[in-house]
Amino acid sequence: MSKGDFADRSLAPKGKLRIEWADRQMPVLAAVRARFEKEKPLKGIRLAACLHVTTETAVLAKTLAAGGAEVALCASNPLSTQDDVTASLCIDDGIATYAIKGEDNATYYRHMDEILAIKPQFTMDDGADLVSRLHTDRKDLLAGVVGGTEETTTGVIRLKSMAAEGVLKYPIIAVNNAMTKHLFDNRYGTGQSTIDGVIRATNFLLAGRTVVVSGYGWCGKGVASRARGLGAHVVVTEIDPIRAIEAVMDGLGVLPMSEACRAGDVFITVTGNKHVLRAEHFAAMKDGAILSNSGHFNVEIDIPELEGMAKGKRRVREFVDEYTMKDGRRIFLLGEGRLINLAAAEGHPAAVMDMSFANQALGTEHMVRNAARMEKKVYDVPEDIDREIARLKLGTLGFKVDILSAEQEKYLRSWSEGT
Amino acid sequence: MSKGDFADRSLAPKGKLRIEWADRQMPVLAAVRARFEKEKPLKGIRLAACLHVTTETAVLAKTLAAGGAEVALCASNPLSTQDDVTASLCIDDGIATYAIKGEDNATYYRHMDEILAIKPQFTMDDGADLVSRLHTDRKDLLAGVVGGTEETTTGVIRLKSMAAEGVLKYPIIAVNNAMTKHLFDNRYGTGQSTIDGVIRATNFLLAGRTVVVSGYGWCGKGVASRARGLGAHVVVTEIDPIRAIEAVMDGLGVLPMSEACRAGDVFITVTGNKHVLRAEHFAAMKDGAILSNSGHFNVEIDIPELEGMAKGKRRVREFVDEYTMKDGRRIFLLGEGRLINLAAAEGHPAAVMDMSFANQALGTEHMVRNAARMEKKVYDVPEDIDREIARLKLGTLGFKVDILSAEQEKYLRSWSEGT
Amino acid sequence: MSKGDFADRSLAPKGKLRIEWADRQMPVLAAVRARFEKEKPLKGIRLAACLHVTTETAVLAKTLAAGGAEVALCASNPLSTQDDVTASLCIDDGIATYAIKGEDNATYYRHMDEILAIKPQFTMDDGADLVSRLHTDRKDLLAGVVGGTEETTTGVIRLKSMAAEGVLKYPIIAVNNAMTKHLFDNRYGTGQSTIDGVIRATNFLLAGRTVVVSGYGWCGKGVASRARGLGAHVVVTEIDPIRAIEAVMDGLGVLPMSEACRAGDVFITVTGNKHVLRAEHFAAMKDGAILSNSGHFNVEIDIPELEGMAKGKRRVREFVDEYTMKDGRRIFLLGEGRLINLAAAEGHPAAVMDMSFANQALGTEHMVRNAARMEKKVYDVPEDIDREIARLKLGTLGFKVDILSAEQEKYLRSWSEGT
Amino acid sequence: MSKGDFADRSLAPKGKLRIEWADRQMPVLAAVRARFEKEKPLKGIRLAACLHVTTETAVLAKTLAAGGAEVALCASNPLSTQDDVTASLCIDDGIATYAIKGEDNATYYRHMDEILAIKPQFTMDDGADLVSRLHTDRKDLLAGVVGGTEETTTGVIRLKSMAAEGVLKYPIIAVNNAMTKHLFDNRYGTGQSTIDGVIRATNFLLAGRTVVVSGYGWCGKGVASRARGLGAHVVVTEIDPIRAIEAVMDGLGVLPMSEACRAGDVFITVTGNKHVLRAEHFAAMKDGAILSNSGHFNVEIDIPELEGMAKGKRRVREFVDEYTMKDGRRIFLLGEGRLINLAAAEGHPAAVMDMSFANQALGTEHMVRNAARMEKKVYDVPEDIDREIARLKLGTLGFKVDILSAEQEKYLRSWSEGT
């Protein structure tokens, strides 16, 4: 048995089965793991990973360990941990994992400190909380860190701010920017799992009801598409006119939130921004409005203000808090405003995390080889890694692409052949 | 506290909150209940109801009780019971309910006999098991029964067979045939909740995978539409060429099951028929195929044959049984082949049961008034009830229709105005 | 060369090629024709047909002639005639056809009288204008008429009014009521061709614009689905609350026309009713609103009122009339308010008319055999004809259905097998 | 009256009305034109434009002229010219236009030389034929050219090849790369108009038939989405595995062309590549297969090989050539393999060209100011121009976006605020 901190050791067998279930949907990562086991490219590396502790993350952690790394893992969100997974990782796989679903903020940061105790050479982050802690409270460890990777849009934005201010102290690969990550995970993964979270929390019929999706980036496009696929009237709110026209031409409604807040039956924020839903909107919402967030941090809905405006609050279903407003209207907040797909459902399906985490594993291998020569900034995943993952994935799904003929290759390079 | 048989009294408070949650989505039934409370049209009536014991059914039961009826309720499926609902109905509402999730067949029929003990004048059925028992093992009670209602396609088919053979002993209203029932409940309700059940059971990414939907009736249309809305490739199997062409022109694949069984990643049966998936299909399926049923009875998948062909079986997730075939392929059966939306999810959302159960309540009221003058056959819900429910529902959703002008009414009646 | 009245004989070769083009997409009718040629079931029959004179109708006319009938054909709408088809039918096929695109009302009725001159025993109608004339101005011929068929929803409504008033003098088969007709022709045929007509007339980008569809019957469902498939925001207006809820749950907007008229960029009426768009709506429409009709008669838009309200009118594109209102707003009327799919495009694609017209041909054959024994009312197409057409069509599309096993047939008939 | 070469002066009035019709859908370009008229930013500039001569291009040409430029215009494709537009531009607007629909290759290049005769300082291209001619046969004029713009993906690829080889002699702005161009024009414009072209040419029912779309770039995504929106089964062929997985997860089929060629009823190539459909595919296609191209050049289908393989060829409808193969199968080629949306329909709707051509106008203005300081390479449209166009367009469509609060702007810039 390993170090680690988990909720309940009796959950380990269930966790083991569920990790195996995810593994079955992750053939690309399995191929990487098979090679890692033979080649041990991460041998001797200490790696601290701050990720959502789900079955898919467990498959990644086991892949990294198979490559020879010493892995320590903590949660990147207090509500997203799957306790059976933590137990199984510690007990069955000997991977030091520190994560308990529903842990308070103090525990959250204590767990982060536990994984930093291995004095990591590499970091793996989901939202940049680990990098942020290293650059603020734990600067003592920075000297030993060689490189890192980051999973999310939100994290990449934070890291680029750090790089722009010149405070970032080691190079980081933005896994999120890989096409095989954001085109799939953000769209199809967030899309299905967010709607899954909302339905599990509420058993609400989406057909015919108005779903307000805030943000029409890749995540928002995914959520809007799936909500519509279930028969909802989708209204998008945006700050970017280009994305707003895209939403319009995709046949969706577009409104400023000051109007959307009156129309919505269900609200889903996926902006990466703060206080997208706030007092002025709570004041105008329908009786029975349902609020949820699928953006990285639980700041997209201004919960303190909602608490302040309500005259009463009670939990009416497992992930549903009812706030009764002074005028009698009730507003329902799902999953305490945290990532609803992880709070009330099981996060992204394994099939899509397969590509995202193959980028993590191969990105880390790339860092191990090259970080010494890299600048202290944010890098994209090398294109050949990105395309190789796509090729592997497509094959495992049973589909084939065409191959360019010599004539076609020549044509694509030429400019003189015209009308 | 009332008579009844439930699993765990400590679940009652949770059940009460969840029933309240459903009630909020059922404004049409609320309007009926308000009138029933005043008029007591079911006063003195004994009613035995065999339905899925869900939060929505609880709202119906309370509505019938509000109308003055003595209601006794048992489950129409051993796996579909929500134990917190049974507890709350018995404890909080004094409605005698006999249902325990996962009860064995003996208990199932014992519970049915418990509700028959009230010597019902009216029956309310979901699949016609109650009517069937009355006409076989409990003929002693038939003389006292005046009329009944039936909820499902499957039940209506059985009852019409009985009527055709001349054995049906009292009139029954086919609630399923109401447009405000089958056009909505079967399509949007079964559609969303079936997919919900499959995803809760598996956390499987539907995008890009092949979902085989057996049967393209109203339920199948709903399931296919929602699977496609989540990005799946949908293949339909049918026995009816007209429905098959509809599926083709809706842009879906159509294959005989002998070919579809090789293509499918997920199978969902909604045919009302028997052994739609059987040995010859299990033999040809892909490794990892996922089987589920959303038809009324658990006979659509030939489970005994699957058991017989497998060399091993284990439960790998809460509602997932893994069967390992002799050649090593694994086939996953969800929810033991029972209605997956009730086994792994929460059944139809309340918003759609609102209309179905308004038909039940008003259909029963109609029977109380008219059964004596009705023949021993299957009747449709009177059209004025059907339309009134639609009107009420549309209003509560906040939508309006146009009203015919006198000129238009005249035009629609005339035949002489042409080109 | 035959009798007949056509616009331009030089168009015949083009018509011949286009009829051949349609024929290629009509394999079911081809199979019927092959049998008719051998069996001559219509031998000696005089048949007057009042249909849209399109390439598909030509294939039907040739099939009826192959069966031995003497066919005389006129247009069922002054704007829907394809002049090359009329020319080719007369010149190449010797089928007496009386139709000129854009003919005035007097010519329209004169042409109808020309085909009545054959003293028909059977009629074939599209909108019931021919039946109506026989029952009003040409009662002298009624005694000789044995039976007829009717193609459209509108016609069936008129004929049922006549039967209800007891004035219908011979039995008529409602081809429209065949499932292989209205489920396909009304939905997929009207859907694609109506949108085709609107786009040909305007080259208007539908993505992101609001299309108001009046009527959510089978035709309306088809039009709404295709408009949405091209990215439009679809708003439905209805008089029937059940259809209105269907539209809502299909994710479409629903408004009364008093509000929809302000929102719409494009209006399409498919109600079978009169003055669906009228003065009060014209007064509230946006500058640039585009009006079109795909219902049978050109009365759905109150054109006389539009004319009266406008201060100016000019033709700005081939099928677009611009009405300038007194306040400067411009309203564009397409195809003079006549069936836009026939006025500006080519009507239903042949592939879908294949089934509709197979019903016409086989319905007529059925009448020839049985009319003497039928009552003077409106009949459905016999179900075995309907299913046989579906089976043939499905085969020609290359798709297969499952066959019930003996065990399954038995199960579907039984009522005693339950939980 | 101006210089120019057009087919028929009697068409000018029709062209004028149609240009006016397009103008009504182009409010962004109208706003640019209003400013240009006042500020005359292109005063004294000679501009040679080689574009599809459509109504939308006419509105652009008039906008450039309003800005003070001397504009000479020729066709960028021999089949895409609208003859009424050429006539009206010459006669009504005095803009020298050289273009006749169906002109042969010699005339095509003669017309190009006519516009070069103005000794242009700026070029505007659609496919880079004009730039190519300047850099090969007309190097004499190169010294006087200061800058240019390019409309299409194909052109940009050619120009980047030239820049990479160091042969490009002046800077060019890739209008295609503007988000307000390729996200909209390529997707929604090409999508709708390509399907429009196929349907106008064939009146083919897409519902239920297999449409093979070659290429899943922005154009391919648009075409696939619209084909599916009309009920087709869409199969994508790709050479890029990332795009192929996107297609799979969007629920579409993906096959190599060696298999797709057997499945397709309709083929649409949008790859920018050569000989995507060739002998091996023609040999395997179904009887009745329909081939079309919506890529820039008519080389995507290997027409010479098709001609060589056929034993007979005839024109069966206006834009349909029937090739009879030696085994009797018939293959139908639409619009001689040229851009089907321009050959058989009217090209992109004005509403979407509004943004594309606003980029052309503002990109040219930017060049006039800055070309002297720019390198001889391909530039993107400046981001502020791109966003300004989006803002204008969104406003004219009647939609609004949210504005960031100060708190939100600060949050998006910060990196220290985390969990």
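When the chains are written out, they are named A, B, C and D in that same order, and each has its own residue count from 1.
The working rule: contacts are C-beta pairs under 8 Å (C-beta built on N, C-alpha and C of every residue); 3 or more make two chains touch, one makes a residue touch a chain.
Please read these numbers as outputs of a predicted model, since none were measured by experiment.
*Asks:* If you tally contacting C-beta pairs, which comes out ahead, B-C or A-B? Let me know.
*Replies:* Top pair by contacting C-beta pairs is B-C.
*Asks:* Measuring between Cα centroids, what's the chain most distant from chain D?
*Replies:* B
*Asks:* Round to the nearest whole Å and give the separation of the Cα centres of chain B and chain C.
*Replies:* 38
*Asks:* I need the residues of chain C touching at least two other chains; which ones are they?
*Replies:* Within chain C, residues 188, 207-208, 228, 231, 245, 248-249, 397 contact more than one other chain.
*Asks:* In their shared complex, at which residues does chain B touch chain A?
*Replies:* Going through chain B, the ones touching chain A are 17-18, 20-21, 24-25, 188-189, 191-192, 196, 199-200, 202-209, 225-226, 228-231, 288, 316-317, 320, 345-346, 348-352, 397.
*Asks:* Quick one: in the complex, what on chain D touches chain B?
*Replies:* 207-208, 228, 231-233, 245, 248-253
*Asks:* Which residues of chain D touch chain A in their complex?
*Replies:* So the residues of chain D in touch with chain A come to 76-78, 105, 108, 127-129, 132, 136, 157-159, 161-162, 165, 179-180, 183-184, 187-188, 237-242, 244-246, 248-249, 254-257, 272-275, 297, 299, 386-387, 390-391, 393-394, 397, 399-405, 407-408, 411-419.
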